[in-house]
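So that you can tell them apart, the chains are marked A, B, C and D in the order they are listed, and the count of residues begins at 1 in each.
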């Protein structure tokens, strides 16, 4: 058997980072991952159990301070970044220069169009190098870009909402069956882990429980990803995120009009053909629709639909676990593609 | 001071019935309401506390077996029905004949168009009288039909989803500012009390918690009400209900395209002018949007909106407490209108 | 009719403060309350709706900066403090000097025994005056000390946990029927609003949901109140708080051994006699036990019990809404007692 | 490698059955398990996905009608029963006669003392054979009875509450350090899956959410198991179950008095020594206490404690996932012991 791959993860202390740590620690193709906290963060936790007491019973995972020397010393070939966008922009050029491949879970490298990137605000302090690398980064949705990911040095792991919306719409849009003039609506609902681990008035239990709210209407950062990947004009899409009183999971209810009448069987074929040969998308036949519970704790994206009796109004429902297919699981899937392994490895 | 009104309620044992019982018991214009269980239901509970143990501490509310004689004996002038649709169809003609006014919380009298009524399936066993009464029933949304309600003998209390959708859309549709060709989408989310008190696999805590699901896509019974009240064609609307892990509350996220660009101020004026002179609708100015928590345990319908920078794509958010403005509270409001009282009475 | 009372509230921005604001605003015996933020806190919110967006729809409540002159200018007779313990220690002596009566919701004045007060740590910076006032403060549990409260200038509103435990145990302990040698256990469970409004890792939705945890075992600050009011030795009590994934409510399950066998009827009489003449405690007859839902949004303390067939092992269950009978509601009740009004006023 | 074991499961349609199905399907030592529905239940589901729609995306699991011939045809060596108590009493004698080993998840075979068994009410219709088998059944808590389980033909899988209480108390009671005269209290809290899958008023989302309640005080069926396994007299124990608004997990807060003062280190040693050599119990060092989240989706029983400064009052906290260590996971662990496999197999 070939030698195991050496990986490192910077940013294990968020929700996605924790999931990624668990997946990396169990992946059969990997050496024990090197878990890093930010350089200079001397007062930071030395064990992930300090941040996540749930890990205390198992001894947790040691965290070391980041340095490039440490990465080289460990022979790290692949670096996962679960860091703020600007940190990722700053680190990746050096990683590329050192020949370390990167899977970045932030929004730093997902967007090709400058105007879309503006929402992140990292460009003011961006290096020239970072600007040049933007074009080389591959948007890491394996169902859409397997070949490019396989050869990529830098993979931009998609946003959680974007994953749920793009996978549900790509088959229809690529098949050209949607009346884009009537507009596409994605009403997306997410569990609270999607809002991050930082405590805030918004994520306080009392604010979330017994409640439901829309937020970032018309200005959520994932909008750019959806537009770019689906090649939609901004006026053709309304994407509205909602916060739901559940810890994890995303359900997107997507509304389109078909440009000509189709039968349910034709719509189903459109989905099934598009995802033929992939392993992490499950298509539900009508009248069955996916629910958030079905995909929780899995890497699946579940897709179902309902067609009106005019055979043109179409509702598509897609569900993912925002921390798995929407973040850490997809990162593992991307790694599997990058190294030519079975896409299911380490994810079942 | 004038004599207090004598009321009766048949069907106190559901969630809406319980809320209505509480409101009737506290309303300053009413005698103690007569609470009734179905005729012949001798083995039924004799006190509402048998059904809702939460009431045990206060002695609960006695329930008596229904009979027309009892109603006459108590001098009941107004009868509230929180009964199954078919029961309401059967009882109302007799009430009308006896000069008893009725506010019916079921779906029995809401729909004028026969095809829309078909979803309830009560017409097979319908009496001729019931058929004739259909046209006289007034759809009880006071913000839209105050004058007719004031004079009505039979008020059909609106459905909970329908209330949240109609109030949010009526100002725009009546002002003629919506591009109806592009379609109207209402993505509506409801707490579990909306699914009724009958235990089922669907309402089991384990099925609902940590979950979210769409249901009855394209065939929910409230669709007909929305279409009729807004005078939309069925192909112009997609209405999708969702079940949310909260006990009560509805949030509808509504998507429309304006037929010509408007400013946010113009949109806000459209809402404010429409509801001028009413007391149970609150308009939120951008960027503030209502959340479910804001209207819980109140009779308010909260409405806010967000306009895209193309000044045409418009997202409207409306929230109600499904058991109050969506059922029992609205019934009280209708009663207040029917008897010429302040619309706020008994609701604050 | 006599003139209405002028009140002020300092500290409306916490959960208890919000509840108290709502209650004060509706109380029929009161002028509109003066709502104050801390002196010098110029950058603080000028309206409570900035802190609680749920209030936005109603216009919220204006907040003014605190000063003694302002209190005098408004002719304030009664000041409610929902402030940190040390702030309350600092302000109350001045209020007393100015003849303003105080109901304090903090822990600053509840404890007579110095050792118990130590847990709050305010004594280091305590003034001599404050030390002297400690003895004059009345512990504001009206069911136990109505007469003293009526005449008090300074009422220390009890802690939420303490209220639920003391009310459940006082009848048994005062009747001398408990075998104190075997120890008293209170296993208490609270909703998250009890942990305060400040966001923290502990109150993050993802930490609380799908979880349950014990905390502050043997060192919760309310222990001293319970011991003092029940005149128990510290070794006779184990009090263990738990955090439950609900927004509000407390349920205490209390375990005692009777010193001699009693019948259920005798136990029930013990409770009923003790609370005869009070209006905010509801006794449940076996086998009915109170649940948290029953007392939510009310000022009731609900008490039930279950006696083993040895007629000695006794489980008492008590429930309150931690923000009402456990805080703001009890403060109103204390005010009603202090001014000789019906104890129910403003609370139904 | 040796041939894989052939197993069958009767009763896959409950929550424990579903978990067990998933675990059996992935266990590396097993052939694909035979999933059975009750004999004669011809109208029953033919696939588990009909009962649990979450399985639809994966094709689910086929269910066949039970018959002894089918078991023999498949060469089943080990039969899991997740059936009602009386069904298990009726089936096991035949299984024993046919040389099929059984792990029974019901309460049918857990109790040696007739009086304790009476709570199940199955003895009226019990066969003579069943009565004789009672003595041979081994209580399947591997941490207490590994050797007997290894040789058992019939293993009675423990109750979920019982597992959490017995594991937390056995080290202390066997070490003789508890003052039993002062009594032992277990205040236990369970998620709703513990109440079973059958919909009822009690498990309706609206009854459970925002609520907490004690139930079956002094008469819960698991009490007998706890008494028997810990050799306590009934008067020495108070066990109170509570229903918590979470889908799964149990936390037991256990109160004891030590018969002589001990240090925290001595208490910790007592636990660590007792569980030395086992793999599914995690001991937490003070001040760390387990929380329900920590053991969810694992087979661990987590145990922590807090000792008062009198070194005698002791609070022990234990947590399990009620469907894993409290049911299906423990069944797998028992199988591993019965067949001499590593106790972790199929559980990580």
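The rule is simple: contacts are C-beta pairs under 8 Å (C-beta built on N, C-alpha and C of every residue); 3 or more make two chains touch, one makes a residue touch a chain.
The model shown is predicted, which means the values in this text are computed figures rather than measured ones.
Excluding subunit B while holding all other chains in their positions yields a single touching group, one piece. Steps from subunit A to subunit D, minimised over paths through touching chains, total 1.
Across the two candidate interfaces, A-B and B-C, the one carrying more C-beta contacts is A-B.
Taking the CA centroid of subunit B as reference, the farthest chain centroid is that of D. Subunit A and subunit C have Cα centroids separated by 46 Å.
In whole angstrom, the spacing between the mean C-alpha positions of subunit A and subunit B is 40.
Subunit B and subunit C have CA centres that are 38 Å apart. Multi-chain contact residues of subunit D, defined as those touching 2 or more other chains: 207, 209-210, 245-248, 291, 293.
Residue ranges of subunit D in contact with subunit B, taken from their complex: 15, 192-193, 197, 199-201, 203-210, 245-248. For subunit C in complex with subunit D, the touching residues are 181-183, 185, 187, 189, 207, 209-215, 217-218, 234-235, 238, 240, 242, 244-249, 251, 253, 255, 257, 289, 291-293, 296, 306-310, 312-313, 315, 317.
Listed in rising order, the residues of subunit B touching subunit C in the complex are 53-54, 56-58, 209-210, 282, 284, 288, 290-291, 293-295, 297, 300, 302.
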